[in-house]
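Paired with chain B in one complex and with chain C in the other, chain A is shared by the two complexes that follow.
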Partner chain A sequence: MFIQQLITGLSIGSVYALMAVGYSLIYSLLNFTNFAHSVCVMVGAYVSYFFLLLVADNILAAALCSLVVAGVLSAIIEKVAYQPLLDKNVNRIYLLIAGLGIQIVGENLVIVLLDGRFHAYPTTFSSIPIKLFGISIGLIDLIILGVSSLALVLVELLIRKTKTGLAIRGAASDLNTTALMGVPVRRLITIVFLLAGLLAGLAGSFTGLKYTAYPSIGSLTTKAFISAVFGGLGSIPGAVIGAFFLGVSETMIAAYVSSSLRDMFSFVLLVVVLVIRPTGLMGKATEEKA
Partner chain B sequence: MLKIENLQASYGKIQALRDISFELNEGEIMSIIGANGAGKSTLMKCIIGLQRPDGGSVIYRGRPMGKSTYKTVQNGIVLVPEGRWIFPALTVEENLKLGAYIVKSPDEGLKRSFRMFPKLEERKKQRAGTLSGGEQQMLAIARGLMANPKLIMLDEPSLGLAPLIINDIMNIIKEINQQGVTVLMVEQNAKKALGIAHQACVMEQGRIVKRGSAAQLAQDESVIAAYLGGNKGGTTDHG
Partner chain C sequence: MTYWIGVITVTGIWMIAILGISVLTGFTGLFSMGHAGFIAIGSYVCALVSKTFAAPMWIGIPCGMAGAILVGVLIGIPTLKLKGDYFVIATLGIGEIVKLLIENVPQITGGARGLTDIPRSTTFPLVLIICVLCVVFVRFFLTSKHGRNGIAVREDEVAARAIGINVARQKLIGMAISCGLCGLSGGLLAHYMGYLYPTMFTMAKSNELILTVILGGKGSLTGTILASLILVPLPEFLRTEAAQEWRMVLYGVLVVFVIIFRPSGFMGDRELSIKGIFRFFKNRFGKKAEGGVGK
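Let's turn to the complex of A and B:
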């Protein structure tokens, strides 16, 4: 029972991590929280749903499709909504408001164009349990955990080992100095949004698989946001640790205490972190970043 | 090589640069001296593209300069900014590698940097934020050279450094120049700046008020009174 819950918790945590890393990446470069992120998650969920419905019953191919569409969408949002604001060098609060606007419009667009109902993925896949050492574990949880972890490792490798990754880490410290190194910073920002969107699409596909696709599915990014704050906004390892911690804690509380306390736990955690240690577990104080 | 014509720039309502014109010859060191707030850093930011000028032009090798910083760097101009602006969270080696962003492989540049600055090799795995002020300045200069620039601009390279270290830095600047890199340097330490330069300008309140060879300016009565502490000796025997 405990192992089962742990796997479920880790699988949920890994999906939070996919979304939280996107928040942290963008925050580390631009010092603002991209609320439009949830739209990419939602679109990811719907793309997978339609892929399974219309193309083929293959969840991995559907997830791949979600990933690409959400990535491109994220980059477009950055180009169309944020870049003009960045060009004007406005206060970050305007970016925040633009993001909220995109979130609201996105959700309602789905309701208008489609409907507001829940759409369970038309796949036989999600209900198959497997037996491992006498414990029954949902295959879906294992796949989600495996693929998400792989994606997170790939992102970490990109950031640690490649030239673009080095530029991203430099840009997290200072955009102007990074430009002085000959880095096309504008393009770098778009790449980071693309990356965040790819992860959001994957997260959306997995969330849809677990909970069905519905217009406000993107609000799950709130949990990812809490993870990122808990781990320290702007820190990628922090976001991952925070996400796994939150996923496992939530699952355990739902299983052993009460499922109605689950969400309360997350929000209390957010408040406690903000009061006691606003920089989170691994976050950097702004002086250090500068 | 670099021709500045009637350059104007401002911060909000404050005019930082007024009709700046000068020409920089290939292979030379030019020093721009002046007090704090004379507009020296603004001038460099306008040249590199971090700040948009209000008017005038920057012409590099006969062509007007593009607007984006990264293109300017690709064209062979780098800026070592005031206060170093190193990446404190990255290691020394990573700082240098990022400096080589526009170059295919950083290996040759790394070798050259470590030859010029053995201290940096000792500390290559260390986070740059843990270096001393002098080491950070050396890192900033080494990082600037990683892009193989034709023109390197140094903004206050002696700022906040001990006199002995300033001498080291000035020697390094001369060495860089001898390897064929043109140098444009902004300095408050006029004595040192005139000591190693071929040409020099004096900037006051956003204007160039004097221009000439460094030797000439070092002999100029008003320059001596204002920037060399009225002490006539020791202006050219350094570095």
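Let's turn to the complex of A and C:
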């Protein structure tokens, strides 16, 4: 029983981690909360749903499809909405507001064009349990955990080992100086949005598989924000640790205490962290300098 | 006729909350995702005080305001000192917590089924008077030292600090005033509707309120008032389901466009005044007349 819950918790945590890493990447570069992130998650969930419905009953292919669409969407959002604002070098709050506007458009457009209902994925896949050392574990949880972990490792490798990754790390520490070093920062920002979108699309596909697809599914990104704050805003390892912690403890609370207290726990955790140690596990307190 | 008076009354009640958010976002440069939560605190505390102690409204409403201010300041103290989006995410959390708390303590709040039998003592003249008082109060606040300090913080935090403004305290004052106005609006709402339920105060509601402020113009009091006069009763004119949904799509698109092309909103940071209107018409139409004189 406990092991089963742990696996479920880890798989939920890994999905949170996918969202939180994308969010933290953007935050570390541009210092703003990208509310449009939730649109990518939602689109990911719906693309997978329609892929399974219309094309083929293959969850991995569907996830791949979601990933690509959401990644491209994220890059387009950056080009259309954020780039003009970044060019004008406006106050950070404008970026937040633009993101909020995109989130509202996305969510309501789905309601208008499709409907507001819940759509369960048309796949036989989700109910198969497998026996492992005498305990039955949902195959779906193992696949989510496996694929998400793989994606997270790939992102980590990209950031640590490649030239682009070096540029991202540089930009995270100081965007303007990195630009002076000859790094094409604008392209870098687009790449980071693309990357965040890819992860969000994957996360959307998996949350859709677990919870069905519905218009406000993107609001799960608030859990990613909480994970990121818990781990320290802008810190990517912190976001991953926070996400896994949140996923596991939410599942445990739902299993052993009460499922109605699950969300309550996350938000109370958020407020407690903000009151006691607002910089989170790995964040550093920064003040605005001239 | 009573229907339209009802619409105007509700508009007035929400306008008080929107004024509060305008003080926070428009004049201090802070962004909150959960102000519906503060309205909820105000309304539930007020309703519960009025119901349990059979107290009149003028005791319940200050209690609700105090509750909203207390929670707002408690969350503001640790987060407003930090650079970054800690405050935004904290308000998002508070908004959700309040809603979840109301849903999960049905013994006290009536849970998801709602709180009923609140004495309906809010009347149209009362809302009108309070609305005017609030506008006057905000106007005085904005032209006071603290209001001007807040605008300085909005424009440039570092520069504001350099001239000796206590930025964190200034933000906290903005937060307290905005929470207080939201609490007031909540209390009036509770006593107007006669019932409350948690889904009145969702994140979507917070978003709608903040969008109204932004469309009206960050930093324009008259812009905010105009925007709330137009946008709050708008759903009453669009009674069909489809129109309601398109309304939110349109709001979103409008906000993105406004932010990209006219970031300061409809009115910018200018105020509408009788003098201003005269000047506007003079510039518009006066030019033609003067053109003949050969200036």
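The rule is short, and it goes like this: the second predicted complex is superposed on the first by the 286 of 290 C-alpha atoms of A that agree within 3 Å, B and C clash if a C-alpha of one lies under 4 Å from a C-alpha of the other, contacts with A are read in each partner's own complex, and residues count from 1 in each chain.
In this text, a contact is a pair of C-beta atoms (placed from the backbone, for glycine too) under 8 Å apart; a residue touches a chain by one contact, two chains touch by 3 or more.
Just so it is clear, the model here is predicted, and its values are computed rather than measured.
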{"item": "Chain B versus chain C, judged by how many residues of chain A each one touches", "value": "C"}
{"item": "Partner chain in contact with A:Val185 - chain B first, chain C second, else both or neither", "value": "first"}
{"item": "First (chain B), second (chain C), both or neither touched by A:Ala120", "value": "neither"}
{"item": "First, second, both or neither for A:Gly101, with chain B first and chain C second", "value": "second"}
{"item": "Chain B versus chain C as contact partner of A:Gly170, first or second or both or neither", "value": "first"}
{"item": "Partner chain in contact with A:Ile128 - chain B first, chain C second, else both or neither", "value": "neither"}
{"item": "First (chain B), second (chain C), both or neither touched by A:Leu139", "value": "neither"}
{"item": "Touched partner set for A:Phe225, first chain B, second chain C, both or neither", "value": "second"}
{"item": "Touching both chain B and chain C, residues of chain A", "value": "288-289"}
{"item": "List of chain A residues in touch with chain C within their complex", "value": "27, 31-33, 81, 84-85, 88, 90-91, 93-94, 96-98, 100-109, 111-112, 219, 222, 225-226, 229, 233-234, 260-261, 263-264, 267-268, 270-271, 274-275, 278-279, 285-290"}
{"item": "Interfacial residue positions of chain A with respect to chain B in the complex", "value": "163, 166-167, 169-170, 172-174, 176-186, 284, 288-289"}
{"item": "In the complex, chain B residues that touch chain A", "value": "48, 50, 68-70, 73-74, 78-79, 81, 85-90, 94, 97-99, 101-102, 129, 143, 147"}
{"item": "Touching residues (chain side chain C, partner chain A) in the complex", "value": "25, 29-31, 33, 74-75, 78-79, 82-86, 88-90, 92-94, 96-97, 100-101, 103-104, 157-158, 162, 203, 207, 210-211, 214, 242, 245-246, 248-249, 251-256, 259-260, 263"}
